[in-house]
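Chains: A, B, C and D, in written order; residue numbering restarts at 1 for each.
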Amino acid sequence: MLLTAYAKGVFPIAPTPFLDDGSIDVSSIDRLMDFYLGCGATGVTVLGQLGEAPKLEHAESIDVAARMIRRAGRLPVVVGVSAPGFASMRALTREVMDLGAAGVMIAPPNTLRTDDQIVGYYRQAVDAIGADVPFVLQDYPLTFSVQMTPGVIHRIVGELPSCVMLKHEDWPGLEKISALRAFEKDGSMRHISILCGNNGLFLDYEMERGADGANTGYCFPDMLCDVVRLSAQGEREAAHDLFDAHLPLLRYEQQPGAGLAVRKYVMMRRGLLTCAAQRKPAAAMSATARHEVEHLLRRLAKHDPRAALAD
Amino acid sequence: MLLTAYAKGVFPIAPTPFLDDGSIDVSSIDRLMDFYLGCGATGVTVLGQLGEAPKLEHAESIDVAARMIRRAGRLPVVVGVSAPGFASMRALTREVMDLGAAGVMIAPPNTLRTDDQIVGYYRQAVDAIGADVPFVLQDYPLTFSVQMTPGVIHRIVGELPSCVMLKHEDWPGLEKISALRAFEKDGSMRHISILCGNNGLFLDYEMERGADGANTGYCFPDMLCDVVRLSAQGEREAAHDLFDAHLPLLRYEQQPGAGLAVRKYVMMRRGLLTCAAQRKPAAAMSATARHEVEHLLRRLAKHDPRAALAD
Amino acid sequence: MLLTAYAKGVFPIAPTPFLDDGSIDVSSIDRLMDFYLGCGATGVTVLGQLGEAPKLEHAESIDVAARMIRRAGRLPVVVGVSAPGFASMRALTREVMDLGAAGVMIAPPNTLRTDDQIVGYYRQAVDAIGADVPFVLQDYPLTFSVQMTPGVIHRIVGELPSCVMLKHEDWPGLEKISALRAFEKDGSMRHISILCGNNGLFLDYEMERGADGANTGYCFPDMLCDVVRLSAQGEREAAHDLFDAHLPLLRYEQQPGAGLAVRKYVMMRRGLLTCAAQRKPAAAMSATARHEVEHLLRRLAKHDPRAALAD
Amino acid sequence: MLLTAYAKGVFPIAPTPFLDDGSIDVSSIDRLMDFYLGCGATGVTVLGQLGEAPKLEHAESIDVAARMIRRAGRLPVVVGVSAPGFASMRALTREVMDLGAAGVMIAPPNTLRTDDQIVGYYRQAVDAIGADVPFVLQDYPLTFSVQMTPGVIHRIVGELPSCVMLKHEDWPGLEKISALRAFEKDGSMRHISILCGNNGLFLDYEMERGADGANTGYCFPDMLCDVVRLSAQGEREAAHDLFDAHLPLLRYEQQPGAGLAVRKYVMMRRGLLTCAAQRKPAAAMSATARHEVEHLLRRLAKHDPRAALAD
């Protein structure tokens, strides 16, 4: 079951669960996958930037991907294969596709600048991994410093049929979704799936601009599923009400660098992870930050009972 | 009346009002200043990055600053004097201080990298403008790509007595406020005023971390004043309630590049500006974006009557 | 006499001469211009990055440009007008064109990334300064971090008829010259003048690739003139012999940041400048560096008698 | 035999030889190592940036390193282990040290900015690879965009005893060597080996500033050995004469991006490599560039007979 350009819904970015001693927490992997299946996710993305992929040795990466793919069952699993060289990208891709991955996600190296360099990079990547492997184009200038105009995405989609999805994380990005959907409407570009990242910070309006869903790691993936569903059903104000209730926490979790600790902490408080531990190097969460997150959860619980967590 | 390290409250970043033909809209300058005075602002910052300063010819900058200073009356006015060279920084500083400015704001050029380069730059800037002119250190890595650790700010504050205020816009930045206030508590650094930027995106918790207020341009400066006041009075939940109601719009306005159009549009809708026009080059606001902002205002009006605007 | 796309030869980048007290050294300006006239230069560029333009107040810039233009006589003078905003770019352009400048040089701001941003920036710049003012496109990625592909230059030349010259400083850049000349040969792009920068580090082969000359500030502009002349006359080995003799010193002067001190020092030793002083902020030259430069001059004097300087 | 802080001489950066079909060319590995041994190299560095390390799959990297280490015999071999995550850095280090490497080389990721981030990164790296593995600090701001002041290197050397060598590639960098040697002289920093990179562009004066030798990949490593030897013996003018003769070619090869093709081409012409092939992605060398290199070789041969190559 390969990823297609018609994917919709929510593909949560799965964190990699660790125990306090740094070992991989396999029982939390299972619990997490079961939760995604239960809450309405339509796919999962693993070994992304925020999945702490660079902290895993190669064999561990394969083990984690294998376990997640197996447990995810009917959900298509996308595996992050961004690498400093095409040799390791190809090797990792081959292995995870053999394990049953639905496709791979490729971020641009932060040295790319010109339009031609960006298009050329993806051409070479497809050459390395094979044109039969569906891939997700990750457009995240805030982290990767690479700016892809709608025109560049148009060129990549036109040239490389295996590009089936855009992980949209440009910021600001609303007009970009409109521009891409306009290309589709005027017939100059084929349809691709657009799932939104950036922790969902603009998911409310991104859905209205033509996005197909979310592809991000916010600690309440169930909320993302609800908002995408409500928005798709035309229940606009209900979608915004739920989204706005989560926005204070979501914004807090979206802080670059600091956010993953928050995400893992809340997922631990929700019983999804055994520990909030990250592998080194990791920014610890201060006691004050913990109090702020608990405060955010208490305030959120007034609107969404899922945030009412026993101490 | 010079700016001191004990400034508190809200210093809105004033936009520069233009008419549709690109000329400076002096009547809106007056209206805006009167509004700041009336809503509880404790200062104003003019000719900042989002005041479209680079689009003004030198004589225009002086005229705008002069009019704003005169009209602001008892409010201290800080003028942005960031410039590619120290010669023009010195010239502009001299002129605006003669006109009655309370101090100047200096952003680091985006070519600085090492700690020593940053400290050295501010040393040279003070050498250029004179040690008797109070200045605001603008710490905005998202836009300027210059990262100042707490240790670097510690060095600047220690070495340069005329540094009286930090415009805090690091992201994430909560722990940075805590670190700076800890330096103060342990006696290793003198007190400086910390006012927060980033459109106020974390103002709720920044106040609790020890910030003295806000120094940003959100289209509801009156809300910023209320949140700062409520927080200072210890009315924590009331401060958060008001802040959270504004967060969806505030986040929308915080989009880099796109935000100024939103800010000017809402200020026009509120009757503060005659036109939403920016001088060229400027990103226009699409019809869809305008509908989104109107939607955000309607939703906000349910919580804050100031957002209930006649069509 | 406006700059045209058929300019050839050497346009030295003139340093701005200062006395030790930081004041402008007008007698050295005259001496320098006379030297350029005498040694075969075909134009002059003033107030560039290495002309310490950002250290001059506006009125000083105008005075310096005026004096240089007057003294340069029949030589076309190009004035650097790069500025953080279009308002000051327009103001400066107007003033120097009124004084008799032949054209202006515009560098891209280092925040530009995508092809469209770069083309858009020059479109706006021309809109600001007027389509009747010939301009030089400065392509210097090492300093400005902006990468212009041949395709982007093709678009700018195609869209903006007032673009008449490329200051070519890409690195590596030989293939770029070939690519641009191929566009010209296949009829897809009109001819523009290509003068080379980077202190002339590849001038020997750049001439053979189709460049029209040099536009750089090396302390022996007379050598640049000779190499360009010899190369144009087909005296290939003689051109390389002279060039190679200078290469050790030329390379030393090309060091970013440190090079201007070397350049001014040698020009002082040659009697072209009264002092080697730079305005603050400036990196001083260490005693060791001075000895190294003297050593380089002594070694060079064995091949080029112009380097034999009395102590 | 582990690398120590007293290493001197020339550690060539070995290219990875490929055949035209992209497979690894083991016979050229042997020939190359024998050449290094014969020409006076005192060590070798393998799998560096210009060793095309990112184009090798993990098993290939290990094979190449193993063969090079074996063949290098008594020469200490340093292996590049820079990686996007500490897990793979640790894994690769363990394997190559087991194979007999003398130490590893670690470049900073190009996202580091502040002094604390740089020092912290090397602290974490040592934590990952083990404090018993000697490492080379690679200071190459031109490629990695990370600027290490002498003060930062001072901190790293002071804190991390396993830092035994600096691969010095800052540009400009002469004053940096002087600053580091001054730290040593005033007793504030222990001695480390300083070997210079940047293709040797300033090797002549770097030796005189206190460098211990070269650590770079120029296609005439035998010339590097001669210059280092002559300079160490106090034969200053002879060292400069030889160096200056090579400078035109050396400068040509130093072009970022384009240089590796030149290096492999000349090494093929010298009989050291069977093919000049690079693995994809690679910039091909144009016919014009090839003619230029042949021209440079012919001119060089007038001074250095080693450059007289049969067609």
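Keep this in mind: a contact is a pair of C-beta atoms (placed from the backbone, for glycine too) under 8 Å apart; a residue touches a chain by one contact, two chains touch by 3 or more.
Quantities reported herein were computed from a predicted structural model and do not represent experimental measurements.
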Shared interface numbering between chain C and chain B [over half = same, under half = different]: same
Whole-Å separation of chain centres (CA-atom averages), chain B against chain C: 39
Centre-of-Cα separation between chain D and chain B, whole angstrom: 48
Cα-centroid distance, chain A relative to chain B, in whole angstrom: 33
Sites on chain A at which at least two other chains make contact: none
Category of the chain touch graph - line, ring, star, complete, other: complete
Chain C partner contacts - residues on chain A that touch it in the complex: 113-117, 147-149, 151-152
Partner chain B, residues of chain C touching it in the complex: 53-58, 60, 83-88, 90-91, 110-111, 120, 124, 127, 279-281
In the complex with chain D, residue positions of chain C that touch it: 171-172, 174-175, 178, 201-202, 204-205, 208-209, 237, 240, 244, 247-248, 251-252, 255-259, 286, 288-289, 292, 299
